[in-house]
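Before I ask anything, let me first share the structure, which is written out below as structure tokens.
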Amino acid sequence: MISAIIVMAVIGLVLGSVLGWAELFYRVAGDPLADKINDILPQTQCGQCGFPGCRPYAEAMAKGEADINRCPPGGEPGIQRLADLLGVEAKPFGEGVAPKPKSVALIDENTCIGCTLCIQACPVDAIVGASKQLHVIVADLCTGCELCLAPCPVDCIHMEVVHETVNNWKWRYPLIPIHQQREAA
Amino acid sequence: MNEFSHNIKLTSLSLFGFSVVGAVLLAGTFQLTRPSIEKSERDAKIKLIAQVLPAGSYDSDLVKSAHPLPADPLLGLRKPGEYYPATLAGKTSAVVLEAIAPDGYDGEIKLLVGIQPDGQLTGVRVTEHHETPGLGDYIDIAKSQWIRQFDGKSLDNPKPDDWKVKKDGGKFDYMTGATISPRAVVKAVEHALDYFAQHKAELLAQEVNHGQ
Amino acid sequence: MIGSPFILKEHTSVRFTMIKVMAALVPGTLAYAWYFGPGIWISLVWCSLLGIGFEAVALVIRGRPLQPALTDGSVLLTAWLLALSIPTLAPWWLYMTGMFFAVVVAKHLYGGLGQNLFNPAMVGYAALIISFPVFMTQWAAPTTLANIVPNLSDAFDLVFVGGSITPDAYTSATVLDSLKTATRGGHTVLDAFAQPIHGLIAGKGMELVAIMYLFGGLFMISNRLITWHIPVAFLAAIALTAGVLQGLDPAHHAGPLFHMMAGGSMLGAFFIATDPVTACTTPRGKLIFAGLAGFLTVIIRTFGGYPDGVAFSILILNTAAPFIDAFSQPRVFGHAKGVK
Amino acid sequence: MASETRDIIINGLWKQNPGVVQILGMCPTLAVSTSLVNGLSLGLATAVVMALSNTAAALVSRLVPPAVRIPIYILIIATLVTMVDLLMHAYLLQLYLVLGIYIPLIVVNCIVLARVEAYASKHGAFYSFLDGLMMGLGLSLVLAVLGGMREIFGKGLLLSGIDLALGPAANAYVIHVLPGYQGLLLSILPPGAFIGLGLLIAARNRIEQVRALPRRSASLQPQQAT
Amino acid sequence: MSGKVYPIPGGLHPPEHKTESNAKAIIVAPLSAHYVVPLRQHIGQPARALVKAGDSVLKGQMIGAPEGRISAAVHAPTSGRVVAVEARPVAHPSGLPDQCVVIEADGKDTAADMQPIAWRDLPPGELHQRLVNMGLAGQGGAVFPSHVKLATGGTPIETLILNGAECEPWITCDDRLMRERATEIMQGAEIMRHALGAKRILVGIEDNKPEAAQAMQSACEQLKLAAEVTAVPTRYPSGGAKQLTQLLTGLETPSGKISTDIGIQVFNVATAYALQRAVELGEPMLTRVVTITGHVAGPCNIEARLGTPIDELIRLAGGDLAETSGHVIGGPMMGFDLDDTASPLVKSVNCIIAKNQELFPPHPPAMPCIRCGQCALVCPAVLQPFELYWHAKSKNFAKARAYKLFDCIECGCCSHVCPSHIPLVDFYRFAKSEIAADDRAKLAAEGARQRHEFQLLRQEREKKEKAERLGKKASERLDTGAVAADDPEAERKKAILEAAIERARQAKEAVHAKNTESLTPDQQHQIDEIEARRQAAPQDSEQQA
């Protein structure tokens, strides 16, 4: 009996010290999970999730502090990917949060006063222009985050839905009549 | 380095502590349950052996009076086994032999064979087998009463030529489609009786523990 | 709206494919009826009716349309294969249980045609032999050996009413059974082959049925319904394994030819292992799949608890098929050799 | 307070049921559930271990350094399981023989460690106890239903083997569900366990589906089935 | 005359339907009243319009200039006036309209100045520079800009292959072209050989076109060209570039690469013909031969100018017969449905087939896949089409890609033989375009992330600099003992901003009320004011980085 207890105690002592050493020796810096999550996020930096940008939201999710259904630009597929990565069940968007069709911002040339406020608001440097000069949004770089709408003092920016053209047209899922889809769109 | 040694101290001591507590708890439980475990194990073995003996036909402690049985091809034993003499009021009333039928459908069939001093079977039970479920496993008392047909049989009853299943011209029942298992058991029981007949004297001469 | 190609090959449809496979089964079935009595027709019709019934019920429960699924012929093929794999003249509920497992459990619980992981007929067979081994070993004896040859009305009686004839009068063990009984009982292969049930190569009558299956299989290969890979690999593996075992211990192991002709070898090689839904699909995968199945068949026959191993070996390999496929993908055009 | 308790009970028995939702601890679930008595016995043994190990882990969680967290939890579980094993060996020998290796195997049943790690290490002793108990009962429920199903289909009996737990007198409780039933042996054999568990999971999913239906159709257009 | 033919995997032999249209000589289409010339008739960037509504153009005048490396010019098919530059229906699988130059013909057909190119004097590797503005694009279907293909880019080209296989059913335009204009084709081939520095020319023609092969052979002999005309078995898709390459040379084009990487360049025979005209006559690509067949009164081949409305071509072929159910652009195996017959003829259109129920029965409903493997037997890329289908259907795109989805050439063999009648190729097209869109989105997201991170970095730096500056200022003030007051500079800026906002608000109201094109004096005044302010205000560079 005593011998059994001694054996257990020695094993505990040895393994405990090995683990204590290993914990410090193999400590990993940073959070690789947050990087993986950030790769899934659409990088619109729109802040609709309640975090100042995609990276902070990714870090919050990695820590388990934020839900996966707070990124409308990522859409349902985005939620699905996050759910797959994090091993949780996908859930629908909450009340009042819904993905919108992909849009880009457009500056009304006649109204823009060149105040540069939108340039400062744009999180992805998609607006070019100088003070007191007309500003232009580079449509290819615009993520459609709408952050430039609010700061504009003259409301000269509006969102334009990106329409389907021969360029960005995609083959439809088969078995669904293509013409019907087109009419619906 | 200080951080390391502190951490190692912390983890090893806590794991040490839990190990000691766990080991002590287990040791205690083990000590507490040991008598009960031994008793119930013995009870179970007695119950198993007693299956081949009619109730009230013995008053001895079957387990304590176990004797070694040498390996013998007649019993199918390749390693030494055991046999259990039973006495009633000091008189040997039966002997329970371990035997093995080596040619089951799927390997060995282990048997307990109870034999009265006059060579008459008190009962046979299969203790271990791997026969096909639903086909050959009716030799097991849990599946069918087939094994009870040995009760009361002896080497002369039926005649040696009839120690076969009916399909082979003998007297023993079988189930259509599954003849290998009963055949093996019938043969093994016959051989066990042969062995008993040959070694009757020594088997019955053993001392029996009456400490019941 | 469906895009190009706008022209489809003529006379190709799932139903047509199934009908051709059933056509390939006709010679074997006729030979079976000739050597083992007309009871097979009863089990064929009964299994088909059960199959259609279960299929319809399953479709209704699943909320799927009855039409294309019920008439695509797949359930009839399943019924036919199951009827040929289990003893004729067994009680009606035995077929019913088998068809239930084949159609409802193996097919529809997995999502219907094309989705099933396991060969439905073999699932039905396996469920029966595991659950009712006694009934599953009472095969109708060849008409030349049986004391009584039940005619069609006797057979109907036996299946649906129970009948008054004892099974011993018209059934016998199969050659695989008698082989196993003999070798397990310490006798030799020659003792087993001395039994009247043994014909020239394997079971009396059954060997000719097997040859008819072989002809049906060759018809399917020539019609490009199946490729040669699975039957050849399956039979070759059986022959090879049996040959090795026989070489090691001729007294207790039957030879390659016997194993190729006995039991379900031929039916399995051409009609069951080749079921495209559950088998491997790449050329190399088919060879590995069928080779392992053939090897396992002989191993199960020799060392296992049941007389025949075709169903079990194919079912086991069914589980491995997707895996085998995954690593036996053929070299895609333009990809260097050895690069996955 | 009350809602927390209710949540734990619902989670353990239904929403996060270890047997049919988390699909944890498959080895005993499949191997032991040959009859209601067997299944329930192992389930209850597991529940006892889970309740106690959860409580113990919750009590000591603050003393445990993170590096040796798992070894210590395993140690606690192993100690408890061995105690249960010894006790059953002593007082329920027949049942002990039937359940055999699956009693000591409770140590490696992932559901036990999973609850200790995921729940007990972060919650108080009472809730941890409740969580362990409810998760264990959830598993017992699955084992019992699965065992009962397999028994009925396989032998046409229910509660067979009850004498192993309650003594020979209890044999009177055995129910013959279908007299004269042939017995679908498949059900008792290992394949039956897989098929049965699959059916249980399917049934639970179906119930959830039906329950979720009115809510879904209100907010979401049903997807086209393809 | 036939060279060695190497085996290729897969393929099949659907009913040919060549005789309907291959008996008659090529008809030259008369001048049309108007032409619609899409700016995108090739793979790559669309051309940039050089004309606007109201301009007059001459035949052969460049009206769209190539934009970027992979692009081709477009030219006016006849002389006349540009009516519009706008989105018009075009022959595209999507049925979406695209930018087109609409030209009203003046009937004079006045040609612009066209100068032949003295190609023999140009060293190999320089000819292509002279062809950049000729608008040549491969006429086999892929419409890759030809001048790019003629620039070898350093890889030595050993073999030039002329593709005259024409393996799709119904199509006979290459057949007729080879029969009638073999000499010009082979001259074009010689120019190609010269430009590429290739050592040999191989011509692959399916053995169901013996007349064409004969004509090509005679042309070679006549021109004393060392070219090898080989009859390849009639087996679809032998006309695929990779398939023909393997048939003639036994070489497999590596996945993801083009035949150039193994020293082989493949051109369609019609492209060689167009090149010959461009070089010898100086005529940019203005016409092509197109097969009009199927359910029309007089199936034939027509040489028509690019931009001719398709319904006009159909009229030339006798018009649609009764119960025509639609039109296919291209062959029945790889073509697509034409939405609007007003769409113009473009460089890629080699065939227009009128459909009816008998020739093109409606697609039977799809059954579940039974993994029969018929598709794998015919796949020329040795893919496992049913696996691709499985993953594409369940939108498991990563898996589809792992099963080499992008090696699929969409030849349609698998769909053709499928006993379950599954539109397999449609699933691959769907998966491919989803993956492509996904890749684009990923790229865009990555760019956005980098710009955002750079912005954060910049802001951080600016903040630090500002803090340093303020710290310095504060210490200076302390030194002088001045009391910090409200910054008068900030006040001034705010006032200016508010004034500007007010003016913009008024401007916006005005803009919304009236058309922006015709400005009122009031608006003009406002704009002037803003402009003046912009001029007057000193550049405030501090706000920008």
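Observations, loosely collected:
Think of it as A, B, C, D and E in the order they're written, each chain with its own count starting at 1.
Basically, a residue touches a chain if its C-beta (ideal position, glycine included) is under 8 Å from a C-beta of that chain, and two chains touch if they have at least 3 such contacts.
None of the values given here were measured: they were computed from a predicted structure.
Minimum number of contact steps separating chain D from chain E: 2.
Any chain touching chain B that also touches chain D appears here: A, C. Fewest steps needed to get from chain B to chain E, stepping only to touching chains, is 2. Each chain gets a centre from the mean of its Cα atoms; the one farthest from the centre of chain A is B. Ranking C-E and A-D by contacting C-beta pairs places C-E first. Look at the CA centroids: the one farthest from the centroid of chain D belongs to E. Centre-to-centre spacing of chain A and chain E amounts to 34 Å, using the average Cα coordinate of each chain.
The geometric centre of chain B is 42 Å away from that of chain C, both derived from CA atoms. The mean-CA centres of chain A and chain B are about 70 angstrom from one another, to the nearest whole unit.
Chain A and chain C have centres, each the mean of its CA atoms, that are 55 Å apart. Among all residues of chain B, those that touch two or more other chains are 7, 10-11, 14-15, 18-19, 22, 26, 30, 133-134.
Looking at chain C, one finds that residues 1-3, 130-133 touch two or more other chains.
For chain E, residues touching at least two other chains, in rising order: 93, 423, 426, 429.
Against chain D, in their complex, chain A makes its touches with residues 12, 15-16, 19-20, 22-23, 92, 175-176. Across the complex, chain A is touched by residues 40, 90, 92-96, 98, 366, 423, 426-427, 429-430, 432-434, 437, 441, 444-449, 451-456, 497, 500-501, 503-505, 507-508, 511, 516, 527, 530, 533-534, 537, 539-541, 543-544 of chain E.
Those residues of chain E that touch chain C in the shared complex are 9, 12, 14-15, 93, 169, 242, 252-257, 328, 330-337, 355, 360-361, 363-365, 367-374, 376-377, 380-384, 386-387, 403-404, 407, 412, 415-421, 423, 425-426, 429. Within the complex formed with chain E, the residues of chain C that make contact are 1-9, 12-14, 16-17, 68, 72, 74, 112-115, 224-225, 227, 276-277, 281-282, 325, 329-336. Interface residues of chain D, counted against chain A in their complex, comprise 65-68, 71, 75, 219-220, 224, 226.
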